[in-house]
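What follows is a pair of complexes built around chain A, which joins chain B in one and chain C in the other.
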Partner chain A sequence: MNGQAWLLLLDGAWTTLWISGTAIAIGVVLGLGVALLRMARIPFLDQLLVVYVSLARATPLVTLVLFIFLSAPTLGLNLDRNTAAILALTLNTAAFNAEVWRAAFLSFSREQREAALACGMTDRLFFRRIMLPQMVTTSLPGLVNEMSFIIKSSPAIAVIGIVDLTRVTNRITAVTYEPLPPILAAGLLYMLIVGVLIKLQAIAERKANRLAM
Partner chain B sequence: MSEWAIVWEARGAILDGFYNTLILFGLSVTLAFVLGCAFAYWLETRNPATLALRGFINCMRMLPFLILAYLLYYGLPSLGLRLNAWTAGLIALVVYYGAYFGEVLRGARLVLPEGQVEAAKAHGFTGFKVFRRIVLPQLIIKTRPLMGNLLILCLKDTAFLTIITVQELTAAANSVQSTYFVPMEAFVVVILLYWLISICLELALKWAGRFGAKRGFEHV
Partner chain C sequence: MSDVPAVRIERLSKSFGGVEVLRDIELTVNKGEVVSVLGSSGSGKSTLLRCINWLEEPDRGSIHIAGQRIGIDASGRKMRNKELAALRARTGMVFQGFNLWPHLTVLHNVMESPVQVKGMRKDEARRIALELLEKVGMVEKADAYPYTLSGGQKQRVAIARALAMSPEVILFDEPTSALDPERVGEVLQVMKNLSAEGYTMIVVTHEMEFARAVSDQVVFLEKGLLIEKSDPETFFTNPASERVRRFLELA
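And now, the complex of A and B:
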């Protein structure tokens, strides 16, 4: 492996990172939205969201990526590879994040709400000033855990031809005829990325434990 | 409607993929579970090899599954060991999820009251017997929800094997859609099949939870 191979690997790592990063950013917010809608218990929509969460959690990412990328044209949508990949990762991670957010909702103490209302806060103000900040702290470990899961399943986007950190090893092998070094190097880079996330999760957990709930 | 009819005509291919996924999943989960238990027992004993095992498990937790499959399928031949795609995929699943099962059991072992082991030793149980009769059953019952999550993760990771050309369910859908050009319908059917398996798994877990409650381990 020479310098150029490493550059290719770093390029692949960047592709993995920006695609999963975008999906994570949208997915966290979307997950909160889904959790909020589910807490509102709107008939029909609630059942629909339950089905969505259950389906998205059961569908393998590879299948989902292929499904979105291949069936979008039959619906008249023209998605390029990156958009399809981001869409698939987002749909997947949002479902898991929704469950994390919902758990935080369900475990939120009722007394705080009563106290806030007694102090004259409106529901909206209570949510923004009291509930959300605490929920962010308690959900963060779960959310970061889900982020490392999405990084670990992001090689699924290679199936539609995106040259991510996994697929780039095939490219390097095609030139060098030595498959082992690039795969090991890619593994090292993945361990680096996920290792950072695991460290962040530990920090987030320590912070969440400090919050007495 | 004719697209659905085409998928129905191609049901043979999809069912073949379905069986293959089920076999891969069942076999790998069973073997990985045994391997995980072996890892947990290995971690009971204190020797330098334990540290190596901890390092290995941590590595697996940080690696994507596909990288391991690539290592076995594309990497090993250069060391002179050539596996076919199916075997490489199966071994990758077993090793990867063995490490995860081991980690889950280890986490539960840390919070198991030490008094139980001491009491068992006082009753004359020897090392392996303590583990097999006292420690392991409790760990397994207690970690049931986490194990369930691992089962579903493992089911989903079998789909990665389509990238190393294993003919499983996703590969079947892909070949059906490329032959007849019915992408939407083929994948909808396959996703529903995955959903079906995971719903069955969840029901089995709920049933197992009742077993756990009957033994007084949790309050459902």
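And now, the complex of A and C:
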């Protein structure tokens, strides 16, 4: 592989990173929002969210990417490839994240809330200062795990013509007729990205253990 | 006004699902007094304590904290969360299970409410928190996280946290029941010191010696009724009720 091929690979890696990264950033917050709304048990909305979470978790990513990209014009939406890809990844990862957040909610101890109220805190203050920081810590291992999943599933976005880190290897092979070097290099780059996340997860787990008393 | 009692409870009643756990409780706690609440489990002791700061909402009756009614406002309506929180801030509570916030260090557990609820400046809150931790013998653990502490140490931090809001009264809900026997003494010692310093305390406990040595009043609950209220000497040597006499024989 020459320098040109490496530049193409890095370009593909960047595409994978920014599209997944955007979906992850929105998906973490959206997942928290879904979990919060579900904890509020608002009739009808709650059922709607259950359907969303089940559907999004059950649909293969490739199918979801295709569906969003192809159905958007019918719905009168003008989505470019990248927006469609980000939307699909976000809808998928947010559903998984919502379950991680919800587990953190459900396992939170009532006693800490009582201690906060007894000290004169309002429920809002309790949520912001006591509950949310701990939920972030306990959810982080699960959230980071989901982040590396979504990065590893992101080649699905190639189905609508986005040249990501996996797709770009085909392009390089088309010129060099040597498929092995680019795919090995791509594998290395995936390992680097996911390796950083796994490191982050280890740190998150160590921090989460502090909360288990 | 020194003659306004720290806590005044009148005709307090509370039921859970049709079962009456408190009935027409009357109790006045003056400033600087220590009141021990005794009774077998299920007698309503903890519920009484939790009604005082409205963690449980009473069905009937009234509770005044330093002259101010908690839970119901002047026009007879239920207080909104904010007003309720402001009144709760005038009481402190120490729980059987400590209930420290595990993501904060010892120092920050104590500083959190003064800073967030009262809007106290951080350096001021830190100074006060360190003083209080000194008082409960935990100042050298100021930067430790709760998970590194023993039960007795956690409870002493929880006491400092309750003191940090300068409450009119501190409510202790079986503060030594979850502790190893050898840790009970250190917590009781802190509570004795507080009473000597003039803090107003209501203590739900099974520690008879503590109740006898430290209390100004001892009350006894049985099936939601307050059946005995007297000074500790009378309570332990010559109680009016037969039920208390039997309780003391078994204790």
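Just so it is clear, the second predicted complex is superposed on the first by the 212 of 213 C-alpha atoms of A that agree within 3 Å, B and C clash if a C-alpha of one lies under 4 Å from a C-alpha of the other, contacts with A are read in each partner's own complex, and residues count from 1 in each chain.
In this text, a contact is a pair of C-beta atoms (placed from the backbone, for glycine too) under 8 Å apart; a residue touches a chain by one contact, two chains touch by 3 or more.
On a predicted model such as this, the values are computed, not experimentally measured, just so you know.
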Clash or fit, chain B versus chain C on superposed chain A: fit
Partner chain in contact with A:Leu200 - chain B first, chain C second, else both or neither: neither
First, second, both or neither for A:Ala58, with chain B first and chain C second: first
Residue contacts with chain A in the superposition, chain B compared against chain C: B
Superposed arrangement, angle subtended at the Cα centre of chain A by chain B and chain C, nearest 10 degrees: 110
Touched partner set for A:Met1, first chain B, second chain C, both or neither: neither
Contacts of A:Leu66 with chain B and chain C, given as first, second, both or neither: first
Touched partner set for A:Leu79, first chain B, second chain C, both or neither: neither
Least C-alpha distance (whole Å) that remains between chain C and chain B when both complexes are overlaid: 24
Chain C to chain A touching residues, read off their complex: 53, 55, 81-82, 85-86, 88-93, 95, 97, 99-103, 112-113, 116-118, 145-147, 158, 161-162, 165, 171
Interfacial residue positions of chain A with respect to chain B in the complex: 54-55, 57-64, 66-67, 70-71, 74-75, 151-156, 158-159, 166, 169-170, 173, 178-180, 183-184, 186-187, 190-191, 194-195, 198
Parts of chain B lying in touch with chain A, wherever the complex brings them together: 59, 61-67, 70-71, 74-75, 77-79, 152, 155-160, 162-163, 169-170, 173-174, 177, 183-184, 187-188, 190-191, 194-195, 197-199
Interfacial residue positions of chain A with respect to chain C in the complex: 109, 111-112, 114-123, 125, 129-130, 133-134, 137, 210-213
